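The following pair of complexes shares a single chain, subunit A, combined with subunit B in the former and subunit C in the latter.
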Partner chain A sequence: MKFTIMINEGPYQHQSSDTALQFARAVLAQGHEIFRIFFYHDGVNNGTRLSVPPADDRLVQKEWSELSKEHDLDLVLCIAAAQRRGIMDEDEAKRQGLDANNIIEGFRISGLGQLIEGGIESDRTVVFGD
Partner chain B sequence: MAMLHIVNKSPFERVSFRSCLNHVKPGDSVLMIEDAVVGAYDNTSFSDKLKASMSDVSVYVLGGDLVARGLSEDRVINGIKSVDYAGFVDLTVENETTQSWL
Partner chain C sequence: MATKKFMFVNRKSPYGTVYALESLEVVLISAAFEQDVSLAFLDDGVYQITKGQNTDGIGQKNFSSTYKALGDYEIKKLYVEKESLEERGLTPDDLMDLVWEDEDDDWAEKPSIILVNRAEMADAMAEQEVTLSF
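Let's turn to the complex of A and B:
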């Protein structure tokens, strides 16, 4: 079965980023396909590579990035939500005249249409958030 | 068309769990995750409300989230089934749609 997962909450905020991560792993472990994971609202904070938690804590963003690499996942950050929160890829940083970008490998920035397409193309859409 | 209702807020903190139970249809399933798992305990101000809906709705709790909060499965309402993440995925497959009560 094909899944799209939507995440509306940032890492370290409550629990939803961790729940979604474990759910995504379980989906893949059971042989299902993940069509897309869409990060909206504070969920876009899952896509920064500049997060530095204490050494004994998990690094949620890196776990997404590694899962993406391992399973060739499509991780999409909502562009409007990302710009508000200062999550930039190279092109967006250049376009906005900013001096840096911070997106972590495995994510891309795009529009809300990607969520709608995910809902249409997938058998199930599951939402996580606060 | 059966729906999986996913609840993640304590019924002692927010009204979303109660709203969910007021909207479920016979044959639907309810899964408690995150802070909602405290709603699985018996003999609380909420347990009668949940038990009343269990005649025609299947109710599940994410076992790991109970353990993470130091809650014991012994005190969970009789008839609530504990699932792991694989069971969570199965529930989303068995039900045609899901609703997250955020």
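Let's turn to the complex of A and C:
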């Protein structure tokens, strides 16, 4: 079965990103396909590489990044949501005249159409939020 | 591209958090993909479509007029849960007059709001293929 997963909360403040990670791993372990994982609202904060949690805590963003690399996943941050919250890739930072970018490897920034396309192309769309 | 039944479930009040505003952005994009779109308003989400919203005192954009434009995007099924209205002391008269124009009926304006009880809302949700909850 083909899945699209939507994540609407950032790491740490809410559990939804952790739960989505476990769900994504379970989906893949059972031999299903993940068409896309779309991050919206504060969920775009899952895509920063500048988080530094205490040493005995998990680094959620890195777990997403590694899962993406391992399974060649399409992790998409909504551009409008990312711009509001200061999550930038190199091109976008340049375009906005900003002095830095902070996106972590394995994510890309694109539009909301990617979410709708995911809903159309997938057998199941699963939302993780508050 | 295929057409699917999309439902956007709105459960939160329009201000206080950004969910309602950003949810509307997804709704408008879905219309561009020509999907069969409906919206559900329940819990505090019913406040999103109340009349007379005024944000002057909180320094935020009043985006309530966007709901009035939904009909122009062929989004004409807005399910509103009766129990959620009643629990908040609201009646249908407290809601904005949201309409769509029926081109098969000489562009007559028809109401977009469909009042349903909790069980009927569950039925409407069960018909959907993609349900996004905000």
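Throughout what follows, the second predicted complex is superposed on the first by the 130 of 130 C-alpha atoms of A that agree within 3 Å, B and C clash if a C-alpha of one lies under 4 Å from a C-alpha of the other, contacts with A are read in each partner's own complex, and residues count from 1 in each chain.
Here is the rule we use: a contact is a pair of C-beta atoms (placed from the backbone, for glycine too) under 8 Å apart; a residue touches a chain by one contact, two chains touch by 3 or more.
If you're wondering where the values come from, they're calculated on a predicted model, not measured in any experiment.
**Q** A:12 contacts which: subunit B (first), subunit C (second), both, neither?
**A** A:12: touches no partner chain.
**Q** Should A:125 be classified as contacting the first partner (subunit B), the second (subunit C), both, or neither?
**A** both
**Q** Just subunit B (first), just subunit C (second), both, or neither: which does A:80 touch?
**A** The second partner, subunit C, only.
**Q** Name the contact category of A:23: first (subunit B only), second (subunit C only), both, or neither.
**A** After superposing on A, A:23 lies in contact with subunit B but is clear of subunit C.
**Q** Give one of first, second, both or neither to describe whether A:117 is in contact with subunit B, with subunit C, with both, or with none.
**A** It touches subunit C, and subunit B stays clear.
**Q** Across the two complexes, find the residues of subunit A that touch subunit B and also touch subunit C.
**A** Comparing the two interfaces on subunit A, one with subunit B and one with subunit C, the shared residues are 8, 125, 127, 129.
**Q** Can you name the residues of subunit C that touch subunit A in the complex?
**A** 1-2, 4, 6, 18-19, 22, 25-26, 29-30, 32-33, 35, 129-134
**Q** Sort out for me which residues of subunit A touch subunit B in the complex.
**A** So the residues of subunit A in touch with subunit B come to 1, 3, 8, 14-16, 19, 22-23, 25-27, 29-30, 32, 124-130.
**Q** In the complex of these two chains, what residues of subunit B are touching subunit A?
**A** By the definition above, subunit B touches subunit A via 6, 8, 33-35, 65, 84-86, 88-90, 92-93, 97-98, 100, 102.
**Q** Using the touch definition from the top, list the residues of subunit A that touch subunit C in their complex.
**A** That would be residues 6, 8, 40-41, 80-81, 84, 111-113, 115-117, 119-120, 125, 127, 129 of subunit A.
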